[in-house]
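In the two assemblies presented below, chain A is common to both, partnered first by chain B and then by chain C.
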Partner chain A sequence: MNPILVLGGGPAGLSAAGELAAIGAPTLLVERESYLGGNPVRWQYSLLAPDLHPAEDVMGPLLRRVEGSASIERRLGTTLVSAERSAKGYRVGLKNADTVETREVSAVILATGFDHFDSRRKFEYGYGRYPDVLDFKEVEKMLHEDRIVRPSDGQPPKRIAWILCVGSRDVQVGNPWCCRMGCVVSIKQAVEVRQKHPEIDAYVYYMDIRTYGLWEDLYWKSMQDHGVKFIRGRIGQVTLAEGGSRLLATGEDTILSRPTEVPFDMIILASGMEPSAGTRDVASLFGLPVGPEGFLTPRESDLNPVDSGIPGLFLAGAATGPKAIPDAVTEGMGAALRAYQYARD
Partner chain B sequence: MPIVEKSLVEVERTETLEVDGIDVSGDWNTFLKSRVSSDLDARILDWVKGEPQGETISRCWQCGTCTAGCCMHTDYGLTDFNPRYFIYLAQIGYEEELRKYATTIWRCVSCNKCVERCPKGVKVEEVVHRIGSYLTATGAAPESPADRFDRAYTKNLLRRGVLDEAELFREYERLEGRKTPTRELLRMAWTLLKSGRLHTGPLAHRTRGWSRMRSVLEAQLAEDDRAHAPRSRGPPAGGPR
Partner chain C sequence: MNPILVLGGGPAGLSAAGELAAIGAPTLLVERESYLGGNPVRWQYSLLAPDLHPAEDVMGPLLRRVEGSASIERRLGTTLVSAERSAKGYRVGLKNADTVETREVSAVILATGFDHFDSRRKFEYGYGRYPDVLDFKEVEKMLHEDRIVRPSDGQPPKRIAWILCVGSRDVQVGNPWCCRMGCVVSIKQAVEVRQKHPEIDAYVYYMDIRTYGLWEDLYWKSMQDHGVKFIRGRIGQVTLAEGGSRLLATGEDTILSRPTEVPFDMIILASGMEPSAGTRDVASLFGLPVGPEGFLTPRESDLNPVDSGIPGLFLAGAATGPKAIPDAVTEGMGAALRAYQYARD
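What follows is the complex of A and B.
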């Protein structure tokens, strides 16, 4: 059997490759970056919502299973540059540095994932201009290292605001969808901050809180046990206050029906999830259908959520839309099974 | 911000310029007081949560179920009495706005419909009273005759362990600046004396061993006062649990 190609080494791709190895299928794992693990490793995620497990406890086993397997051929720093249908599977071109290698594969799992929204595009929040306006992916690293300080002066903040839906639910930046994770991750971060530093006040500005299903528990606990405060209203702009030493968040408190201008030491933007560059590339390479949001679209999202509708091509993880790690892992398992069935027959 | 048409703005929101007691601002130089909520004081929430009565405040997510069924707000029609709103102001720490309700907040009749209906188990009735206590303790609410009477009563009782009604009456008159006609006082004194209830001055009752009991009570009251005083130096009393 020719190997099954898994494109992308994030949670979904690692899960798929690990499952394929477990059932004895030869696997070719290709990752664009020079390391495996995807966004959680790239941004050094701290604790994972909603159970507050360290990210290492989830990513570690996924990575070790793949790295310890003899039947998984790993190609890092490698991109897919061509793909054409062959007798049974695909003939693909893999580019590493300047060399392109052609390989025959029996099936392809696309686990090309998402990119965090670039918060500079939401210019009114001052990300990239004011050092103390941070993106929540950067805060993960701070929490991971337990070093919560203002980048401008290295001082610990007294009051932090989280702004939800940055680059999500916003036609101005072309992203009308909900990122699903912004609420729960922001709340998780606020809880983490309050657990480690109860002297820091944490305010979350929200339009809706979408901690759906069992995640609601973390939302409730954040208020009851950790004193995180929620203000309903979307911040319109962030400027400098107090001679430039603090940030001023201007918005409407829609419960008060009143304008609000509150100084903060640090503002954290819950940036949304967009289809990654890799996801957009494979869509055009394989001529895959994409939805209006740019994510890959399964042919039947309810019955066959991991089937692309094109023979031998399977989908997993955030390439098909914003997704939590457990969902990506589950889809990786499903795609591995479907790809194996296809390659075997 | 400056305004050009004074008559369109509520009087209490305008800032005028006075020179020698004469308003010289006119229509073109009147300034409008900002209504932007500009600073939040997290210590209010800590104080409210510092006693079991206020602990459940953090559960509130502002659905408005309490206000919807509130007999003061809905049935009586006192729309300024809005338990959901009081909780929000205390949660986010918007003291300036909260102070406006320093007297209204005490209009609750404790029907407890809100507590029965709250989907998150907030003890709304208790929490609203606790917020009211914050306002009273910080001096936002003017002291009422009842408050003054309560203090005089406690002081009187602590003296000998038995209430001296005649003295309490005199103190109440003094505090409220009232003057009962002498004829009326004499009539009251005579009636009390006849019925054997005029225990004042040399006739006052005493409680045996009272001085020891009093020192214990006074120490406890002083401790309570310290624990309930908001804005004391250092962290708020009680603190978040």
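What follows is the complex of A and C.
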């Protein structure tokens, strides 16, 4: 059997490759970055929401299973540059540095993931101009190292605000969809800060709190056990206050129906999820349909969530929309099973 | 190989059994009801949120694949009454009417699902007392048959309200968790009503609208294209008005910060999701850990979402928490793959 190509080495791709190896299918894992692990490794995620497992305890085993397998051929720093149907599967071109190699593969799993919204595009929040306005993916590393300080002066903050839906649910920036993870990850960050530094006050500005299903438990606990404060409102802009030493969040409290203007030492933006460059590339290479948001769409979204609808082409993880890690892992399993059946038959 | 036991014939169980058959594993599918299909069939779901696919187009193929397979032994009206570890898998007792049969199985997939919250427990909304207060699962059948009338007098309603979070996010009734599907299914119902009967006004009372990820699109469309109206507020009680011919919803509008009292012709309750009786039974039979909500919990919720942590015992679908149909289908695939690997090794 020609190998099954898994494109993307984040949680979904690692899960798919690991399961294919376990079932005995030769696997070719291709990742455009120089390392495996995707966004959780790239941004050094700290604890995972909502169960507060250290990210290493999840990514570590996923990575080791793939790295320890003799039946998985790994290609890092490699991109897919061409793809055409062949007798049974696909003939693909893989580019590493200046070399392009052609390979025959029996099926393809697209696990090309997401990118975080570039918060500089939400100009009015000052990200990139004010050093103490941070993106929440950068805060993961600070939490991981337990070094919660203001980049401007190295001092610990007294009061932190999280602004949800930055580049999400926002027609103005062209992203009307919800990033799904912004609420729960921000709440998790606020809990992590309060657990380690109860002297820091934590405020969350939101439109709707979307801790769906059993995630609600973390929302309750964040208020009752950790004293995180929630303000339903839209922050219109962030400016400098007090001679430039603090930040001022200005907007409307939509429960009290009145303007709000509060100084903070640090402001953390919950940036949205967008289709990654790799996801956009494969959509174009394979001529795959995408939804209005630019994510890949299964042809039968309810009945066959991991099938592209094109023979031999399967989907897993955030390439089809914002997703939590366990969902990406499970989709990796589903796509592995379907691809294996296809390649074997 | 002894068969793999799939317990539960809803979307997750049908998916698991179908995939096991496809990969060549003998399968024993056990369902306590007299029919397959789970809640979607029991309640005759109309269109599925958010993509508005007819439920038959999803459940039909899932059912036909299982019913047409020679390698799936189906047992309806049958419950699991005992389970003990055997040399390789489990020895289980299956009860049908008065007969108990003992079988050896090589692995077990628990796909025992959820039950809807009994809305009579939310006494103040009058469900069970006022005929025009309906549970949203009953409305699916009305939508399916396009027969939207008031049970009290057979007349079409002029104005309908949906009350979200009935038996969800409610410490008073002992269900603090979110049902995950209530927002999107209610919005879908309101869209379905407005598409078929634009003369009917549709109002949705909510705390937070949780159309997470790409589901947000339906929320936007419901307002912009279909004129569904959203009121952030908590309805405290429903009473009779106008000599008993209409219903009065009384509560607080939490955006306008003022009391609200509005007459409606029909009120639809978005009832929550609870662990099913079958889910509670298997937790006790297998000595499985359950979370504070009573759902089954994977031992490693991020890394191994479909593994119970007990050898040979796998989890899929709403047995582990509220879940949409495509997630249940994908988890069925993941559990099938893991169970197959376990049984084969």
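What we mean here is this: the second predicted complex is superposed on the first by the 345 of 345 C-alpha atoms of A that agree within 3 Å, B and C clash if a C-alpha of one lies under 4 Å from a C-alpha of the other, contacts with A are read in each partner's own complex, and residues count from 1 in each chain.
Just so it is clear, a residue touches a chain if its C-beta (ideal position, glycine included) is under 8 Å from a C-beta of that chain, and two chains touch if they have at least 3 such contacts.
As the structure is a computational prediction, the values presented were derived from the model and not from experiment.
Participant: Please work out whether A:His53 is in contact with chain B alone, chain C alone, both, or neither, and reply first, second, both or neither.
Facilitator: second
Participant: For A:Glu31, is the partner it touches chain B (first), chain C (second), both, or none of the two (neither)?
Facilitator: A:Glu31 contacts neither chain B nor chain C.
Participant: Mind working out whether A:Leu303 is in touch with chain B, chain C, both or neither, as first, second, both or neither?
Facilitator: So A:Leu303 only meets chain C here.
Participant: Touching A:Ile231 in the superposition: chain B (first), chain C (second), both, neither?
Facilitator: first
Participant: Answer with first, second, both or neither: which of chain B and chain C does A:Asp132 touch in the superposed model?
Facilitator: Neither chain B nor chain C is touched by A:Asp132.
Participant: Quick check on the superposed pair: does A:Asp201 touch chain B, chain C, both, or neither? Answer first, second, both or neither.
Facilitator: After superposition on chain A, A:Asp201 lies in contact with chain B alone.
Participant: Once chain A of both complexes is superposed, is A:Glu140 in touch with chain B (first), chain C (second), both, or neither?
Facilitator: After superposition on chain A, A:Glu140 lies in contact with neither partner.
Participant: Pick one for A:Phe295: touches chain B only (first), chain C only (second), both, or neither.
Facilitator: second
Participant: Looking at chain A, which partner touches more of its residues: chain C or chain B?
Facilitator: Between chain B and chain C, C touches the greater number of residues in chain A.
Participant: Would you sort A:Asp327 into first (chain B), second (chain C), both or neither based on which partner it touches?
Facilitator: Once the two structures are laid over each other on A, A:Asp327 reaches chain C alone.
Participant: Considering only the contact definition stated at the top, list the common interface residues of chain A for chain B and chain C.
Facilitator: 209, 220, 255-256
Participant: Residues of chain B touching chain A in their complex?
Facilitator: It is residues 35-40, 42, 45-46, 49, 58-62, 85, 88, 91-94, 97, 120, 240 of chain B that touch chain A.
Participant: Of all residues in chain C, which touch chain A in the complex?
Facilitator: 19, 22-23, 48, 51, 53, 57-58, 61-62, 169, 176-180, 208-217, 220, 254-257, 291-293, 295, 300-306, 321-323, 325-327, 329-331, 333-334, 336-338, 340-341
Participant: Which part of chain A faces chain B closely enough to touch in the complex?
Facilitator: By the definition above, chain A touches chain B via 159, 198, 201, 203, 209, 220, 223-224, 227, 229-232, 253, 255-256, 258-263.
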